[in-house]
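Input: a single structure, listed below in structure tokens.
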Amino acid sequence: MSKTQNAPGGVRSKTVVDYLNDENVRAILYQIIAIGLVILAGWYLVSNTLVNLERQNISTGYGFLDLEASFEISESMVQYSAQSSYATALLVGLLNTVKVSLLGIILCTIIGTIFGIARLSSNWIVRKLATVYVETFRNIPVLLQLFFWYAVIPNAFPHPRDAFEPLPGVLLTSRGMYMPVPVADNAYTLMGIAAIIAIVAIFFIKKWAKKRQDETGQPFPMFLVGTGIFVGLVFLAYLIGGAPTDMDMPELKGFNIRGGYNISPEFLAVLIGLTVYTSTYVAEVVRSGIQAVPNGQWEAADSLGIKRSVALRKVILPQSMRVAIPPLTNQYLNLTKNSSLAVAVGYPDLVSVSNTTMNQTGQAIEAISIFMSIYLGLSLLTSLFMNWFNKKMALVER
Amino acid sequence: MITVSKANKWYGNFHVLKDIDLHVRKGERIVICGPSGSGKSTLIRTLNRLETYQSGEITVDGILLGDDVKNIEAVRREVCMVFQHFNLFPHMTVLENLTLAPIWVRKMPKKEAIDLAMHYLQRVRIAEQAHKFPGQLSGGQQQRVAIARSLCMQPKIMLFDEPTSALDPEMVKEVLDVMVELAKEGMTMLCVTHEMGFAKEVADRVVFMDAGEIVEMAGPQEFFANPKSERTKLFLSQILSH
Amino acid sequence: MADNAKLPPLPTGTFSARAVAWSKKNLFDGWFNTLLTLGSIAFLVWLIPPLVNWAIVNATLEPTIEGCAEVTGACWGFVNANLRLILFGTYPFEEQWRPLLAMIVLMGIICFSLGGVKYPSFRKAIIPMWVIGVPIIAILMWGGMLGLTYVQNSYWGGLPLTLILSAIGIIFAFPLGLLLALGRQSTMPAIKTISVVYIEVIRGVPLITVLFMASVMFPLFLPDGVTIDKLLRAQIGIILFTAAYLAEVFRGGLQAVPRGQFEAGDSLGLSYWQSMRLIILPQALRLVIPPTVNSFISMLKDTTLVVIIGLFDFLGTVKLALRSDPAWTKYYVEGYAFASAIFFLICFSMAKYSAYLEKELRKGEQR
Amino acid sequence: GAVLDGIKAKGFVQCGVNTGLPGFSAANAEGKWEGIDVDVCRGIAAALLGDANKVQYTPLTAAQRFTALQSGEIDILSRNTTATLTRDVKLGLTFLGINYYDGQGFLIPKALGVSSATELDGATVCVEPGTTTELNLADYFRAKGMSFEPVVIENINEATAAFFSGRCDVYTTDASGLASIRTTMAPNPDDYVILPEIISKEPLGPAVAQGDEQWADIGRWALAAMIEAEEYGVTSANVDEMKSSTNPGIQRLLGVSPGMGEALGLDEEWAYRIIKQVGNYGESYEKNVTAKLGVERGLNALWTDGGLQYAWPVR
Amino acid sequence: MITVSKANKWYGNFHVLKDIDLHVRKGERIVICGPSGSGKSTLIRTLNRLETYQSGEITVDGILLGDDVKNIEAVRREVCMVFQHFNLFPHMTVLENLTLAPIWVRKMPKKEAIDLAMHYLQRVRIAEQAHKFPGQLSGGQQQRVAIARSLCMQPKIMLFDEPTSALDPEMVKEVLDVMVELAKEGMTMLCVTHEMGFAKEVADRVVFMDAGEIVEMAGPQEFFANPKSERTKLFLSQILSH
């Protein structure tokens, strides 16, 4: 501010008291004090830690990351064995965390939306069942629920030797679910390329179709044509590639079922537990999102003669989405964070691997700092993505 | 066009509409006024079946308004309502607001719907705002869009529930102007409003309601010049004194 | 008005006619609803009988391992035999009336505080109740005076511990969260940044990492020879964690108070702190009571995570009991079911209460 | 040293124990801590403070145990901890001796028809994390050129439940644990066998932090006294009569001929009190391990009986 | 009493107040009007330091209004503001609303404060509502409480920002009556309002603002009879036509 501080009676120089009475000066003082306190506290903790580490001969630094981990991890999305480094082990844990969180987020959104709408259903029994579901699974600690699912899943299915085979090649056992996967072949690469070409083609056709509709008002059966192009092109590539039929079928070899793709009971327990728990919150978010749209919007649609189903789709849901996004983001973050409980039922997530690492190397500070910053990073990423989405959905205001 | 006979409505035990009798002819313009809570909104919302009624009979354009879904749909195609708070769809542009109902209810081709919408937007004099969102418009502009949206359904009857009372004083005029024009073109209109100037200018009849009853019903000259009932006199003295 | 008042027409018909009409409207309205109804009924038929058989018909309450071995259903005998261990953990056996009493006192104060929201006459007494109640609970739990023997807090456990961790957590997180919320609203960039960073960092990491840090790393932060015991560290971790979440709750409350209220305070010449104390906070806090109760419920559920760092909260003592004799270990399903039931009871009733409060408060606004 | 002074000032020993491992340290139905690890702490308290009950227990998870000791939160860690070089040197601990010799083994269902660990190629193995067990397992299979799939479960309840539901072919942990799991938790114990191979050495013992030699000495010799008492046949029941024994070893142990207590900075009755109040090693083993887990002495028999328990002489 | 000279204010790059010059003598009554967004609210809020300004000088009752906290406090003790939306404290009774500032700012004993409050409540003719909560009162009553609350601070200057525009038409009169009374008693008043009847009756000067500038300033007769600027004419035509 460039104003002079002269009193109306005449010129007088400013005293210290005048300075202390100035709002701006005061604000700066408060801030300096606050920052000072934070720095002081930080310095105190760090210096204590250094002294303690020194005194107790505890080694520090992230050098251990290159050492051989020498423990096995049951499921991994990258190449890993006991000879791999701790860094690789942590990466495996991270990927497992991401895998279960991502799938959990998708599933809990679907299930939560269904139950959220069911709670507003006009069908009494459906409404009550949805309420019971939501209230039950919301009010029991998620850790207990994980224990519960992990107790149920391995017991619900037979030993691999007597595996239950609902579809040829799909095996349900106490060690999880096995599915056949195609053996690698050039044809699949070709199909991938075809899929990309199809998507690009569909993109352009859609642009053209929109233009045509705007000009002539004639709609274009985009969904049918698009599906046709996609399926056709990919199938063509499959035939050109020689139509390979080899599948890697899961079958019993020795102790275990070998081959195919395995979904372990630990993973299932964590996934189901987190999904069920979080879906109850998502259901509440969806319900209140729908209820948050002012009644006037329904009335306006009614008075225009628009059918309720169309009104829900075109008028209400797009608006409730806007209300629902911030609390949904919170639930997604919670799910990601709760995935750290996977350690309790033996799913090798980030915390589980870090825990073992911490125990073997004794370097608690480093291990904790690694997984804390990874979680922070994941949370930030999720928030950023949802903020971006929120902006996209936000209403334009004056 | 509209026949209301002995209509009664309760909210729980609260009797909001008491033996309402009202006949509206085609092309007639009716202004409804009365103190707050007297049931004005409830009455016109009942005509559109936004509210149910419990006894009596209401027919609109020859269609009996009851629980029959087909009848309700038919009535709603003919009767459009403009609300105090506009109730525009905030996530759609002005144009999308206007074309939504023609496309989904009248099954009109999109292009035609847009032409129609632009026609009515010009009529309410905001064609240049077609691609903005409601949130970007002033209150008066929003209300004009709401009127245009109703007009796009080409209704036989328009209902207005205090269309100007949420507006800044300067914007009232632009909305009233549009309504006066409509009235002059012969649209059948029922309008809840306290704008007595408007009532004097266009109303064929003024209806005064109090405590759920129609207390007085007369042509505007007579209504303002020599109101019969005490309640009407009191109300008019309050509303005109400043 | 009274003379021409009529009563609304009543629904007519016999009871059964009305029941048919009701189910037609609520259960079989259209083919889709009929399908849903039938599906739901099938699901219930599939689920309920086996569950009842296991939990009640074929179950036993006999508190011996032999008794349990004989039945095919649930062995509630496990719970029966270890009830005191499950409820109070390793608290000295003869002294267990003390945690019981402490728990009753705590529940009493909590109920009273929640009731205060509804009955304004209670309100003045809430803070004194806590000020007196917390020391009473502390004396009961620790002892070491008034002729009570000293009990170290590494012996505390079970339901009292769960309740204490969450109640103390909320009480201390409350002022901290309030400060953080005010800090986050501050116009001073440094203070705002500090608050935002704290809140976002804590909210960005899972509680168990905070607990790990409190239990494993925290001792390293302190100078040589100064130790804080495990329970206190976990409690501090929970407080620090909860404060970040409460801060967001309060921020919501503060934002819900219209700007005009600040301006009215300013234009009357009240200072910042006066406005806060007399005008803004009373309104904001009233608004955030339901979400605060919800935070309390989350915290109650989250205290189960302290088993991961070796404290015996209610879930922890169930596990402890499962291991008190290896022969009990296989009855973990009964143990977890019991724990679930207790947690459900507490959380559900509080959640209902908070929903009820929300409605009451909304009514109050409209007055 | 500082730790010892602290203990004397506060009047009790703060002892870090397992959060629940029957036989070693677990709470009984009355919530009292019991087990062979608990008895070590009780013995030390009896020697130092005159009363075996002057112990406070801090239950610790595997992850917390070393930090708790380093920070001084506990005075002694008696929590079935394997003594290794890294822990001794890098973590700054001092191990006081071995109160349980263990080794890692395998438990498998009979139906699999496996009679040796060398036939386990490709098996799924349930294991608890964060201990040396997990590493030994990986080492063993690697050394034998076999592969396996681990299922790592933090909590023994979940881990054993998973094994008995068929989630794993093999359950591995220390042999002491295997025996008790088989007898008490299996739906039918006869359906399961413990394989003969022991794949690792697990010397378990109490540890203190480096820096207070006097405190370490007291702990070390309290443990030794319990073992030596068994060698001499001194039990809690006959310790009073034994005071009049003519065996010079017993006389030194029980303080009839003075010198030992003084050397430790204690009174001469220190070992007498341990045996009187806690019992000798054999009694502790019998009461806790044999009774709770049904595990025989094996490696933990006295050296004179072919075992490894061989106390440093108190002289 | 108030001297504003060459005051300028920006919101970011938006210039809301442009070289405002305004002198208000003791006892003078000023009405400010102008189209929406012209900066009327901003101007009177600046006089109370609810908004800062960036250049120029404002002195109130001889006190320079700047960043000095003591000065701000001194000014606020002398200047009170009545808002469009009343801004009563909903968690306090009417009486508590009125006594709050005297007790905490003027450090008045509680009993005295209550006497004072009852005095002013009688003056705005709602003494019987003293123990109700604001939510239980009608809009007009709430605004009268807000005025009484300001009066309790016994200010030398009162500012009003559209005090009647949030009221139902029936309630406007009761609030205007109270304001007219105040004006006749000689209170220095600045009032943003579109109630032209009020302006004609009590204003010493009418200030017309547009786009952040004071466009015209004149006695009410002259202002309404022959406005000088085109903008004023346009505005008056809009506001008076209905």
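A, B, C, D and E are the chain letters, set down in written order, and residue numbers restart from 1 in every chain.
Heads up, the rule we're going with is that contacts are C-beta pairs under 8 Å (C-beta built on N, C-alpha and C of every residue); 3 or more make two chains touch, one makes a residue touch a chain.
Which chain is which protein? Per UniProt: A, C = Amino acid ABC transporter permease; B, E = Glutamine ABC transporter ATP-binding protein.
Given the structure is predicted, the values throughout are model-derived calculations rather than measurements.
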Note: chains that touch chain C and chain D both are A
In terms of CA centroids, furthest away from chain A sits chain E
Min distance from chain CA centroid to global CA centroid: chain C
In terms of mean CA position, the chain most removed from chain D is B
One copy, chain B, sits on the other, chain E, after a C-alpha rotation whose size in degrees, in steps of 5, is 175
Chain A to chain D, mean C-alpha position gap in Å, rounds to 44
Per the C-alpha centroid definition, the whole-Å distance linking chain A and chain E comes out as 53
Expressed in whole Å, how far the mean CA point of chain C lies from that of chain E is 48
Check: chain B positions touching at least 2 other chains come out as 138
For chain D, residue numbers touching 2 or more other chains are 63, 67, 70-71, 154-155, 158, 161
Residues in chain A with touches to at least two other chains are numbered 52, 147, 151, 343-344, 358, 364
The answer for chain E against chain B in the complex is residues 35-36, 165, 168-170, 172-173, 176, 194-195, 197, 235, 238-239, 241-242
As the complex stands, chain C meets chain E at residues 258, 260-261, 263-264, 266-271, 274, 278-279, 282-283, 286, 365-367
In the complex, chain A touches chain B at residues 213-218, 294, 296-297, 299-300, 302-307, 310, 314-315, 318-319, 322, 395-398
Listed in rising order, the residues of chain B that touch chain A in the complex are 48-50, 73, 76-77, 79-81, 83, 85, 87-91, 100-101, 104-105, 109-112, 132-133, 135-138, 149-150, 153, 159
In the complex, the residues of chain A that touch chain C are 27, 30-32, 34-35, 38, 45, 48-49, 51-53, 55, 121-126, 129, 135-136, 138-144, 147-148, 151, 333, 337-338, 340-341, 343-344, 351, 358, 364-365, 368, 371-372, 375-376, 379-380
